[in-house]
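Note that chain A is present in both complexes that follow, paired respectively with chain B and with chain C.
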Partner chain A sequence: MSTTLPLLSQQQALSDAFKSVSSLLDERISLKTLRKKAWDNFTILGFPNKSNEEYKYSGTEKLIEKIECWNPEALTTVDFDFDKVRKINPNAYHLFLINGKLMPVVSDIELLEKECSFCSLSQAAKDYPEMFEKHLGQSSIHFQDAFAQINLALAHEGLFIHMKPKQKLHKTIQINQIFTTETPSFIQTHHIIIAEALSEANIIETYWSADNTIFYFGNHLTEIAVSEQAQLNYYRLQHENTSAVHVSTIQATQQKDSHFDTNTISIGGFWTRNNLNIILEGKNAVSHLNGLQIMSHQQHIDNHTLVDHEVPHCESNQLYKGIFNQKSSGVFNGKIFVRKDAQKTNAYQSSKNMLLSENATINTKPQLEIYADDVKCSHGSSTGKIDESALFYLQARGLSTDSARAMLMCAFANDVIQTIRIEPFKGYLESLIEDYFNL
Partner chain B sequence: MSDILHEVTSSEYKYGFTSDIEMDTAPMGLNEDIIRFISKKKNEPDWMLEFRLKAFAKWLTMNEPRNWAHLKYPAIDFQKIIYYAAPKPKKQLNSLDEVDPELLKTFEKLGISLEEQKRLSGVSSNIAVDAVIDSVSVKTTFKETLAEKGIIFCSFSEAVQEHPDLVKKYMGSVVPYTDNFYAALNSAVFTDGSFCYIPKGVRCPMELSTYFRINTAGTGQFERTLIIADESSYASYLEGCTAPKRDENQLHAAIVEIIAHKNAEVKYSTVQNWFPGDKNGNGGIFNFVTKRGICFGDNSKISWTQVETGSAITWKYPSVILKGNNSVGEFYSVAVTNNYQQADTGTKMIHLGDNTRSTIVSKGISAGFSNNSYRGLVRVAKGAKNARNFSQCDSLLMGDKCGAHTFPYIEIKDPSAVVEHEATTSKIGEDQLFYCKQRGLDTEKAIGLIVNGYCKEVLNQLPMEFAVEAQKLLSVSLEGSVG
Partner chain C sequence: MIRIKNLRAGIGDKEILKGFNLEVKPGEVHAIMGPNGSGKSTLANVLAGKEDYTVTEGEVIFNGKDLLEMSPEDRAREGLFLAFQYPIEIPGVSNINFLKNALSEIRNYRGLPPLEAKDFLALIKEKQAMVELQGGLANRSVNEGFSGGEKKRNEIFQMAVLEPALAILDETDSGLDIDALRVVANGVNKLRNEKRSFIVITHYQRLLDYIIPDFVHVMYQGQIVKSGPKELALELEEKGYDWIKKEDESIV
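Our next item is the complex of A and B:
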């Protein structure tokens, strides 16, 4: 295993952080053991560099070096235009988090509490100990990734959302995460989302920086359990500043007849890594994973997806699209894993990318690992430029080169946007992309 | 259905025979002395020995690559291998009468009768065969015919003696000894192989062919092939491999280098049928091969076609470096794994020049308990204008105990590139089988028909002489293995 251990000075700071966190947390023994195990896993793995196959195109040493604070103090307020974010989707329960900590004053807590049980992660350890213990880290402890492990070991801010059986949320829950820090910090958040049998919910999560230039290293973990016949739509928009580092891991498990839709839209961030792991544990589960990345300047994004078909008769569908301009670079690594007994699996994956500049780079690796014979699995990946004939067609009808290009770009991105099922959010994204390309 | 499966998976390796040819072997193990021994045995010039020793020194610093490939196999003890085994007596042969009769029998069993070839000399559809048994080139047929055209087709050691300038200039220029662990090992200990040079403007009138065979127990075969196609020339090269049936694993680590100059075209076809191990996964060849060609000049073309049905372990990525403008790289592959075979094979297409094109068509078929992986790289370097790639990787699974995997790496650094990749995994459709059976074919024939159709795109690329053999091989390896 090729790894980089954190720098010596940081190593000390890191283990101090772990000690102080583990002494502070008021959790059951089993959870303390789990956190210790995650810590041990992390110390074995170390922060990944490029010789780690999973991080072949995205080394992290240089970014880790910049971190000065591993366990930043919790904040309660921030100077931020909350209304701007509320406007994205006015008809939703908005929850605002500052560095992962819930801000009750500006959030719609009371309204949401009438519909489902939710609280901060640390509160959940006290209020819902059984459920908390049942879900925290249960599947992500097995994900051999340094960032997931250190999050499990250290993260104690975030949300706990629990949908009771048969519960159908009337409105979308929109989680808005805002980050700010004075010293370059390592900010970790951890959500647990549980959708019990036959429940239905829409969740949007957005990521913002309070300041346009500050550097921080965000490491987020979301653990999702979708029970039998439940339906969960979980959409994310990453719109942080172009100095921020964003690492996120979604670890989702799906039971029989469940439906899970996720969409990852990335526009912001200096360096982004999204790990999306979906484990299909129950028959007839359906999963849709979509993603859109629009990158420019020196931005870098790395999307890793894993769909693990453990049982027969499941379906998964992926569509990832990327547009890369200037010196930006992108990675897509999608893995479809079909276990021996997972017959009648239907898995589809498509990755399409457009390079707009001489200096942009895209590396893709659509991967299939299949151990069952009666399956239909396919993947396609394409990289290209703007279709000259389409461009000519539009120009022949009187559009300027720039607006014709912008229109084609928006159309390219739109495939992904159209999969979103929440109307105001979809409209917001459409206009966001139109603005991005000055259409 | 399971009866047929049983029958096929238990079918014996039909090339499993040993020839009692007297062998001249080196002591077991590897050290500088062995390398000096090999070099001395072959009466090599000093620069060759130096090259070997440098490669050996490099090899000592390298680690066996064990992490990245989707393969599982026991550690190889490189000190338990005999690095040199030559058939005795080793003297210059002028006519077939002088060839050891045992050896001739071997070839007859292999189905490449040299006698037949010789008798038919003068007929244009002939194949010139260079047979390599346990690393030593035994006989090159049609050498004279080729010489008339200025084509050099001989064993590698002969080339070292007679064409040292060419060897010095091109050896290691495509696969340097620092390239990887097995390339370094081969560079240090290679014993023979084939050498081919096509001069300017010459279109090689016949298929050039090498036949490799591992005969002595406990030997590794380390052969090296070097093909140079000078400006505006053309050559089609065939390679076939078999090995006798033995219980222990035998190592095969070869290097093939191809250089295509301006407007030249080289077509390299392989039918690899080394002993795959028995049905319980014992024995078989470990095949670790580095094959690479460079389209050096403008408008050049290199095409790899491979039918891989043998070996317990296959680790092989025939690649093309597209350096010249408008150059073309092609890779057509059928890889079949049965029983406990494991294959991790694919290609690399490195686009450097402008307007370069590459096509990858890979068909994997897994049966029994085998694992079959496609691993490929398409890289478009910065400034490589208008590169075009199309890749298609299809996998066919037969039975629920095997695995089919795809690991394509696509790295694009130029916006004018158009790169497409598709992969599918499926099994033979019940409806297709039903259709064939309804028209009176039995299951076995129906499967043969469907599989052959599935591989047609690749088989069509093979020269006639090989296509027939390849089709037979496919049916031997697969007939009826759908449950």
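Our next item is the complex of A and C:
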């Protein structure tokens, strides 16, 4: 593995940023130690390139080289149509973040505060030190990824959401992240979400660019703890501009009898990498991981999922679908570990993709490692083109080629969208996809 | 209504229609019968505009226009309807939704505004009752999980909603039990009028007990080899197709 000169200078710039962040943050020594450790991990790992098996189809060097600012200053205002985003789900607690920093004036803070404890990440370090420390970076012990480590080492903007035991949120929390920058910047956000025993919550997170063309490199980490009998639905929509780079890592742990549903919808971005890691630590935990990607032009997306069945009687179910047009490309890599003790595991994985052009590509790789003997596991992947006979059927009824194609695309995307349990958001996505295909 | 002259078409190098001729006038019902492989379904697909087939010779004039020059959707918008022999399942596309869009595009082509939602629903309700299609089926994905009979009924339902000028029924009777056959035939008969024409492609005479044709044609090796009144169908039922084949070969 050789590191190119521009990358070395970028690593130096990042190192300088790390030093200045460390000196500025007034954090407990244990946290400083954790951040230092993450930094050390990163320096061993380096920025991933294609010789790294995990980034085989998604080298990052060229994107890293474009970054000019590693620790952008915090902003407080942005020119953005907040109402447009509120309309997605009018009956939700909306939290707007600019480059990861909470914008109190436009957010529903007081309403949400009545229901659960939440604050900015930096505030949580002060207000909830024990809980903060318990959860920060804990799940990443299992997962050595350069971007997650950089995030742990440096990120200090983001949200802390804590649902108390038995707490049932009346409304959905919708976190709306807006990114903006004048120089090509590296923007990091980090959330911690804790669902205590028997709590229930719906969380939507959306990602937007304030500007349609500007490049920035977002690196996001969300650490989630779902306790016994808790239910958390966490749906994400990535709708950034087609110059933006988006790396996100979700680390979730689940305890006994818990439910965790995720849905990762990606439409925007120039280059996207989603890492979704779920560790099933308690019996009878159920996890649903769904995803939909609609890519065109030069867009690239890489979804890596990992479900670790550590204990018996858990279920995980994955459905990832992609539509790739023009020269876009995609990767799906789905790991499932079933540990020796995890008998009676049900683990299913399915990746279905549609290529609309000769130049579009998709690489899929299921990776099942099963060490228990009494389990039900399956995986399947398919890549196809548009069904010509279905197209002809619709045309023969009077539909134009374009609307027939659009109808088939929407139908293909539909079974992922139908897994979303928040009605207005589901409806919004349906019409977003219809608009995308001009239906 | 439609005039097909010396139509030659096939897949790749294989010629299937070898100089096919037929004229159908408004309000007429023509039955096309013939043994397997005689080119009946090819004819239906070529008329509907399926791309897999290449037309090498001949012309088809539909309502005064060159049909072969048109895209499949324009043929439908001009009033041509094909009830498919094997209606395919399209998961995720709602039957009603797609029909609504199809009807709007057809109306738009003819310079008409889309139907009001309530008028469309009334239309759907009426036509559903006509073909005895249960409400649930119309709201489901196109043909998904439908039985063979339900799929064929759905074809007739779509035809009833779109009200074409010329309907081609491609072996709509195949795979139907007698009750389903009667329902499908009833639907067709209700749609018969002095303007609307039908080409009924069938292998068996049975369907023609219910849909009484004005003319019966026998197709063999890509051509019509014999035409006659409705009684011809009975003759075919009795004698099979072998005598037609022999007759045809003796002419050659």
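Definition applied: the second predicted complex is superposed on the first by the 430 of 439 C-alpha atoms of A that agree within 3 Å, B and C clash if a C-alpha of one lies under 4 Å from a C-alpha of the other, contacts with A are read in each partner's own complex, and residues count from 1 in each chain.
Rule of thumb we're sticking to: a residue touches a chain if its C-beta (ideal position, glycine included) is under 8 Å from a C-beta of that chain, and two chains touch if they have at least 3 such contacts.
Keep in mind it's a predicted model, so treat the numbers as computed, not measured.
Once the two complexes are overlaid on the shared chain, A:Leu408 sits against chain C while remaining clear of chain B. Shared-chain residue A:Gly269: touches no atom of chain B or chain C. More residues of chain A lie in touch with B than with the remaining chain of the pair chain B and chain C.
Once the two complexes are laid over each other on the shared chain, residue contacts for A:Lys385 go to chain B alone; chain C is not touched. Using the contact criterion defined above for the overlaid structures, shared-chain residue A:Pro48 touches neither chain B nor chain C, since it reaches no partner. Chain C contributes residues 48-51, 71-73, 75-77, 81-82, 84, 87-88, 90-93, 98-99, 101-103, 105-106, 109, 141-142, 158, 162 to its touches with chain A in the complex. Across the complex, chain B is touched by residues 53, 340-341, 343, 353, 355-385 of chain A.
The touching residues of chain A, counted against chain C in their complex, run 387-390, 392-401, 403-404, 407-408, 410-412, 414-415.
Remark: chain B residues 67-68, 70, 382-383, 395, 397-427 touch chain A in the complex.
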